[in-house]
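Each chain gets a letter, A, B, C, D, E and F, in the order it is written, and its residues are counted from 1.
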Amino acid sequence: MKLLIVNPNITEEVTDLIKAEAERSASAGTEVTMATAEFGVAYIETRAEAAIGAYATLNRLAEGYEGHDAAIIAAFGDPGLEAAREILPIPVLGMTESSVLTASMLGKRFSIVAISRRITAWYRECVESYGLGGRLASIRCLDEPLARIDTVQQDKGETLLALCLQAVEQDGADVIIVAGAPLAGLARSIADRVPVPVVDGVSCAVRQAEALALLSPARPTAGSYARPPAKDQKGLSAALSRLVGTPG
Amino acid sequence: MKLLIVNPNITEEVTDLIKAEAERSASAGTEVTMATAEFGVAYIETRAEAAIGAYATLNRLAEGYEGHDAAIIAAFGDPGLEAAREILPIPVLGMTESSVLTASMLGKRFSIVAISRRITAWYRECVESYGLGGRLASIRCLDEPLARIDTVQQDKGETLLALCLQAVEQDGADVIIVAGAPLAGLARSIADRVPVPVVDGVSCAVRQAEALALLSPARPTAGSYARPPAKDQKGLSAALSRLVGTPG
Amino acid sequence: MKLLIVNPNITEEVTDLIKAEAERSASAGTEVTMATAEFGVAYIETRAEAAIGAYATLNRLAEGYEGHDAAIIAAFGDPGLEAAREILPIPVLGMTESSVLTASMLGKRFSIVAISRRITAWYRECVESYGLGGRLASIRCLDEPLARIDTVQQDKGETLLALCLQAVEQDGADVIIVAGAPLAGLARSIADRVPVPVVDGVSCAVRQAEALALLSPARPTAGSYARPPAKDQKGLSAALSRLVGTPG
Amino acid sequence: MKLLIVNPNITEEVTDLIKAEAERSASAGTEVTMATAEFGVAYIETRAEAAIGAYATLNRLAEGYEGHDAAIIAAFGDPGLEAAREILPIPVLGMTESSVLTASMLGKRFSIVAISRRITAWYRECVESYGLGGRLASIRCLDEPLARIDTVQQDKGETLLALCLQAVEQDGADVIIVAGAPLAGLARSIADRVPVPVVDGVSCAVRQAEALALLSPARPTAGSYARPPAKDQKGLSAALSRLVGTPG
Amino acid sequence: MKLLIVNPNITEEVTDLIKAEAERSASAGTEVTMATAEFGVAYIETRAEAAIGAYATLNRLAEGYEGHDAAIIAAFGDPGLEAAREILPIPVLGMTESSVLTASMLGKRFSIVAISRRITAWYRECVESYGLGGRLASIRCLDEPLARIDTVQQDKGETLLALCLQAVEQDGADVIIVAGAPLAGLARSIADRVPVPVVDGVSCAVRQAEALALLSPARPTAGSYARPPAKDQKGLSAALSRLVGTPG
Amino acid sequence: MKLLIVNPNITEEVTDLIKAEAERSASAGTEVTMATAEFGVAYIETRAEAAIGAYATLNRLAEGYEGHDAAIIAAFGDPGLEAAREILPIPVLGMTESSVLTASMLGKRFSIVAISRRITAWYRECVESYGLGGRLASIRCLDEPLARIDTVQQDKGETLLALCLQAVEQDGADVIIVAGAPLAGLARSIADRVPVPVVDGVSCAVRQAEALALLSPARPTAGSYARPPAKDQKGLSAALSRLVGTPG
């Protein structure tokens, strides 16, 4: 099994965090290929940054998907996920979708713990777009500027743990999702200090990618996820151009 | 990896169908233990039959779960799923939940193809209870009495295929779920004749059970899925009694 | 008019509380028959206990319904209600459903006051399953272990009153529902100290049962509440067996 | 028990139909007082007519409520119901609300059968305002101009029956509500020809009014149904003026 | 362009406030005609007062609409809006609808700042009736009796500003709506002290009225906003009578 | 007043259609600047094409917005709208949002008429993301491959009219929205043959842009539409880079 994982932001240190957690999570025999957005921002907090990240991600996926069994978009908020699903011939997964679906099998209501206040609106809209807004107990977040994005786990570990506990005690969360690629691995390290299951986006996405790839669902030729109809194009990369609307 | 699969109805032939599809779906190294409800009805179509099946299933799970990594309730409609999740120390999965969550990663809207008209109300309420009613494109169903429940795939194969195609063409389904343990394996056999992905409950539940067990989520000690508080009991089987409200 | 009231938990003292309030509430000429679950737990707080209680209740209803005009399932959370409605030839009512529908005619938003924190998840899911989650202002609850379930009104009376007042002042409740069979009668005793209407499940269910029985709705022979289709069975009590899927 | 029933339209023949069905439905010992709107239209089909009917109804209720135990607004669509509930010291009920709540205890999904296409938008919005839009299977309606409003049952009886049957067979209705005061009594006459329970607004409202009056809920002094705060007024009838915002 | 603006309450000083803000908001060349309800209450806080105001407003609109290009109902809560839309041949707008739609184009979630606690239930139900309840971050309100309704901006200015800031900081509002005709003009005066856009009902309604009138939508002759079908009437003013159900 | 209108697809002929309708719709004194996406596809039907169009549009807006009072994204489906709103200092409007909000003031339920079946999923998701899915009566669409996108009005005029009429007669639409930039101007030409108001995205967006610009809402410095926090970037155009996360 080969998985392509694209980091939609430009920070290589975050790509490394994702890779480490993906390899800890994956089954023996699963190989992981990493890619980082070629343009964009250091980390994605807003709708505008997500739109940029979505396009960067589509390009990276298009260039790299061949030879893989499934692909993962490794930013919580899932920039470009539904778009990628239409054009790639392999399953595509997102960190938010994978973690909320996994959390749904572990309890009724889940809370998300996030790295900034600004990021919460985008996360909320993402969960609501999947139809699961009614199961979102709360989003709790750090509320100070971050000195560095790649060391937020170390710098803010106790605060993040406290947010998890508040979500359980005050918001009625049955499950906690620690959100955002920079928190990859945190779920693992605090699990024994939180009284409900804690999951994170990377490990859930890796497990779901393996499950989905093994089911080998057929590529749709009808419905709204069939390849876009062929039409004139301009200015797309060769790789993306081949996927968009070229009959195949 | 060891999975316990409980058939909530009393029909051993259906248990055999489930077992065959579970074994076809499972990873190498995954072992499946089957159990059949000790009381109940031949197949579950109604809320009353589901309430009976839920209790029979809780008893079977309680007796058999030890030594397993996850358990599956193998009737579409998931009788007793949320209840089992509270009391078992291992992940518990249902066919409906597993298949609708899997379908959610393959498209936006899904349709369910079912074996009787009567069964559709129960299925619809089950999907709605998970918060995903807005993504249910339709439920299409056979509409004649079934001569035998265990040969419905053979007896009604072409009609079932036609229902799948109608769901795609008329209802806007991006994914088809063939529902009900008696249809275990059908998705596999008709996949190449349906223009969107077709999934079934057994294979989705097996794959999700493997994924969830490998994540090894902690058993909650708080929230609404912690073990029920200890209290006086009467008339429960020894196995069930040990799980309900006994501190541990 | 004869009403059968089944207590889904095993505590006879709670059955007595229910009976007393039912008789205070009923019209002259209405006779009440009480039954207590033959197996289960001391009081129901969780989904697992509710699944057990549902099956115990179906059995008690099946054994006892004959000669009655309507039946009431007397645990807030309504274990087995929809199931019972399919198989019994008389109207079946639940404490939650009756009280939320009654509250809906007295105001727009209602709050529920409950005896434990753990019980609130089950109550919320029950209200949501009726489609009325949008009218639930809040659920407020006692938050300490109960010494005895049958004297909770006396032991915690002032705290329960305070919860009612908080629901009005802080949560915008137009109506208060005091929930749970162990609180039967409390609405009556605190009504003059709460500035909005206070209702309880037993009195609402008794009044609704009388109303429904007098309307004498026909037993459905179509739709999803017709008797389940006849099919093979195993291991059901004779009384329950006669109701499930036996044509008639 | 004394009930005041106000017909929000100006047609005395419809008032007579309502009265006849109310008296057939009421318990022995229940007395019914009828009142007809002093201004408005022959029957209410639209939002504009409902706004007029609401004001006419508030006036009639204000003039007549004293000496009664509950009041009923006898037009499907419930013009003025929430307004009346704020100002009257007795329970106020509406035909739509009473019948959809009653139907909710007889099945999961209900259909409404109505006398004109135009009227269906108003009905739908009324059901949705109660939060029960998700349980509305369909609204089916006559689709031709009515020669007379007071003889629609006789003139269109077979068509109305056919609409009921279509709602069961094609829309999945578990219960049928025949809507509109001009159809008062129809449920009773066709019950044995429809395979699911059939209810009508008048009989449901009468039964619910009796039930609610016997519960004798306290008049709220807080929340959004307390009497409106006292303030300057102009041009209201003496009776209405006394109820609106005069402390009491 | 000529706009008719009806104040649904009887307070001329509020009509003057509305007029001043409407004229400040309107385009050059837009003329404003004001009308005040001939009966009703000093300001509308409740469902009962809104039902009275709706009828008073329909009458004022009917008398005055001729020669105008659009009409505005100038009470937050929009009494009679949907009714007026059916019968008037020109566009009709409401303060709540106009401001929530405008706010929807400036951000995802909005909060409403209101002049009394009692008024908030009516406002909430109004927003929900438009389908936008999910975008309502909060309603914050003054919580003391008002000495005078027409000087509330001056008397409570700092408190109102504080409520705006709380809505942004604590409730996640992207936009603030200052609600109620007595607050007409406040948005303008506090805009530079609130860190998100602040809009008010009068200016939004005036701008939307101009926009809608310039689009000159056709009067419907089908659907649920066509003129009500002709039928017998009684006791309506001549002006209203001409609009309700008279073919034309 | 100066409006910037960006066509998110690459077809200059569609830009011309948009321009012509925009100029017909705009007030005297309003000037329109057009821009066409520099990369992308001939017309946008799918989520993938919309993600590409969103990025192309953000770039065009960034380059061109200066000196304008508001901007319009002129593809139905509003690619990049919420993203653009975060980064531009002027109001940004979309064709779908503008037309559904306008339609909401003309009736309760609206239908959309579209140029291809494939496009309908994207449209539906867009309307649902605004919270107005409950008011969408239907989406009706052409169902054949289009010879040319810029002459679809002429080539398919009668079919499009028939779809409008079906939406009114069969789906209960109170208002029709003709969707998609290639249909710009159609609403105007068929208005007198459809019995309910017909609106189109371009004219609604132009009118709403004028209204919003004249309200001159403040640029937010808090909430989720404030400018994204400053952070490292790579590979963005100079114009876009200046807007994303650069303090200002």
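Assume contacts are C-beta pairs under 8 Å (C-beta built on N, C-alpha and C of every residue); 3 or more make two chains touch, one makes a residue touch a chain.
What you see is a predicted model; the values in this text were computed from it and never measured.
Common partners of chain B and chain E, by the touch rule above, are A, C, D, F.
Under the touch definition stated at the top, chain C and chain F share these contacting partners: A, B, D, E. The greatest centre-to-centre gap from chain E, using C-alpha centroids, is found for B.
Taking the mean of the C-alpha atoms as each chain's centre, chain C and chain E sit 43 Å apart. Centroids built from CA atoms put chain D at 52 Å from chain A. With centres set at the average Cα position, the gap from chain A to chain B is 27 Å. Residue numbers of chain C whose C-beta contacts span two or more other chains: 82, 85, 108, 121, 125, 172, 174, 224, 226. According to the touch criterion at the top of this document, the contacting chain pairs are A-B, A-C, A-E, A-F, B-C, B-D, B-F, C-D, C-E, D-E, D-F, E-F. Residue ranges of chain E in contact with chain D, taken from their complex: 10-11, 38-43, 45-52, 54-56, 58, 80, 82-87, 116, 118, 120-122, 125, 129, 145, 224, 226, 228-229, 231-236, 240, 243-245. Every residue of chain E that touches chain C in the complex is listed here, in rising order: 120-121, 125.
Chain F makes touch with chain E in their complex at residues 25, 27, 82, 85, 91, 93, 97-98, 101-102, 104-109, 130-132, 134-135, 168-169, 172-175, 191-192, 194-199, 203-204, 207-208, 210-212, 214-215, 217-218, 220-226.
Interface of chain D with chain B (complex): residues 108-109, 172, 174.
Chain A meets chain C in the complex at residues 108, 134, 172.
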